[in-house]
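Here the structure comes first, spelled out in structure tokens, and everything after it is commentary.
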């Protein structure tokens, strides 16, 4: 069974269609990257998975159809989304942000244990536990956003441009932790990135989007190896 | 000196009412970015419900609780039925909906309960339990009840998961959806709570100004002014603003202007303050990046 | 085909509007006069709120000032009624510009409150003893209706005072609408909308925000002021209680019902605020305002962009 199956998925903002008949799937336990230039529709694809944008076509998560369902239900089914711009609740504290991540969970003791685990992974969050989230640095907010999403104990983690606006050292730190999360906690990931080399370093599989259509699909290894693809599409 | 203190204490008691209405307005504004112009009429309607129950022989505090619960439900229903459809419509369309609700509540209240002025009982003893020279029993009781409600609301938002979810939904509805919060229902709850607070305010002011369908019109304006004075997104600012306003109004009316122009003067003062502090005394400007 | 039908429609409509008063009774004529007056007032408000994006809950104040200016000039200074109209407009223009300055600092709800404070203050200030000598205090002022300068009979109906006044108001309304259309469809109109939607960008392009915003306030006030002056002539009477805060709310309702940012929508808005309360009254003696509120709600849900919004939808489909 595939983790996520998209069949002829289209998406529109009002009268503007942005995604055209996308067909792709994600393996359980894998990390997949969506690459492409600005405006290609990468963010929209993630929104389509969460159903925060109007879609047509079918979307199946662990065997269940999720297209047409409310975002709140999809979250409950186990999909967590770290949106572009991080989407942290800047007026709330770090603690409150993490608690909100676990909003749909009923197991209080486990939630507390998970918060401890986030602190082990991201010690900086522990230092700023009671601070207002808006006062954190960009890198710390990204760590907070990822932690908040992980508090859901999701099966699938969606990440929209996690490297955006961050210093390279912080990005490396975050990406290393993401690899760890994938391997240890078996959280599958769908990653949108403009920085192709960074994304291919983490992901097993990649799709390239151009004006709303998939123009390329393959394993990271293959794409990295093929010089002409790299030059033409990825620019390096 | 005595009469000055009496004016101040009357102002504080009134101020508590303005604070409550202001708080209700801030709550709805925080979650929906709209001003509920129908807030006053809803509060009046709730007070009429209480009055009808008491007329039927229901003991005061039981009528109080029933009214509060019913008002909460009405508030939730109003959001679900009337406001959800225009959630995405332009601001002024929402304003029209509020005006429509205002007019309907007022008219239906007059139709069911008629326009004659009614007296409304106060559950508190005539003589003040505390500083009886300056505060009547009702004034003390009224301030106490308002404080209890405000503290309850504050605790709810600060310490309960649902309160946290409501705050999250108000601050960032998109992100709130992404953690599984049903944002629409949070809005409905906010309305319910605002209606509840309004009902309490109505029941506290009715013994003083007597009950008729137009009871709350002026008070709504004060509540609005209180909310703005404190900064439209600041609940504590609304409370402080209400108190300041209550005292100011009474002092102006007694010593400066005379009661005819009391309302005008208070408003002129507010507008002047807003000119120098456009976001209210405690509000924070929201800087939008281009 | 479309062009010729439009070219035919306007003069035809004009002729119909001119003949209208001669085929209905006097009291209906004064109702239609009031509709035209409200249309001008709503157009004024729309310039500020619909195009300019500055919300005003206080335009009743300008209406009142315009009315009183006209009334005072006629009763105390024996001025010709027609001359008082541009003066009333000018007075309100200045008042509007002066109000525009503090309005620069306030936005959204804060501006709504400030203007609403004005609406509430107006009847109270008009009653004040200090200016009773001019305003006639609580009792107000009574005017004589202006007479028509010639005799005329059409369809067997006399050109009465009401009918003459209707024609005067019609002429002024046409003039003011024409003026507004030229203003708002041109460069200035675009600047006003630009300042509403993207003030930072507009300023960066060289638009002087202060001048534009205060001028918009002034013109808006002038329009509503002239409407007020016309109402003084039409009703022959001004008193503080003729201008309650509800008037300001009605004007706003008319603006939204007609369609924000639409010039001709003002006419539908005016028809709404003039006739729907009457209809509501007929539908329910005991709770007429509840019916009014219900109709208002129905409008908000069915036509969130006003009557003109519906027209646009229909014409788009063709």
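For clarity, chains are labelled A, B and C in written order, and residue numbers in each chain start from 1.
The working rule: a contact is a pair of C-beta atoms (placed from the backbone, for glycine too) under 8 Å apart; a residue touches a chain by one contact, two chains touch by 3 or more.
None of the values given here were measured: they were computed from a predicted structure.
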* Structure fact -> Top of the farthest list for subunit A, CA-centroid basis, is C
* **Pair with more cross-chain C-beta pairs in contact, given B-C and A-B** => B-C
* When you average C-alpha coordinates per chain, which one falls nearest the overall C-alpha average? Tell me, please. => B
* **Centre-of-Cα separation between subunit C and subunit A, whole angstrom** => 54
* Structure fact -> Per the C-alpha centroid definition, the whole-Å distance linking subunit B and subunit C comes out as 33
* Centre-of-Cα separation between subunit B and subunit A, whole angstrom -> 43
* Structure fact -> subunit A residues touching 2+ other chains are none
* Structure fact -> In the complex, the residues of subunit C that touch subunit B are 49, 55, 102, 105-107, 109-110, 112-114, 116-117, 120-121, 124-125, 127-128, 200-201, 249, 252-253, 255-257, 260, 286-290, 292-294, 296-297, 299-301, 304-305
* Name, in rising order, each residue of subunit B that touches subunit A in their complex. => 161, 164-165, 167-168, 171-172, 174-182
* Flag every residue of subunit B that touches subunit C in the complex, lowest number first. => 29, 35, 82, 85-86, 89-90, 92-97, 99-104, 106-108, 110-111, 221, 224-225, 228, 232, 260-261, 263-264, 267-268, 270-271, 274-275, 278, 290
* **subunit A - residues contacting subunit B, complex** => 50, 52, 70-72, 75-76, 80-81, 83, 87-92, 96, 99-101, 103-104, 148, 152
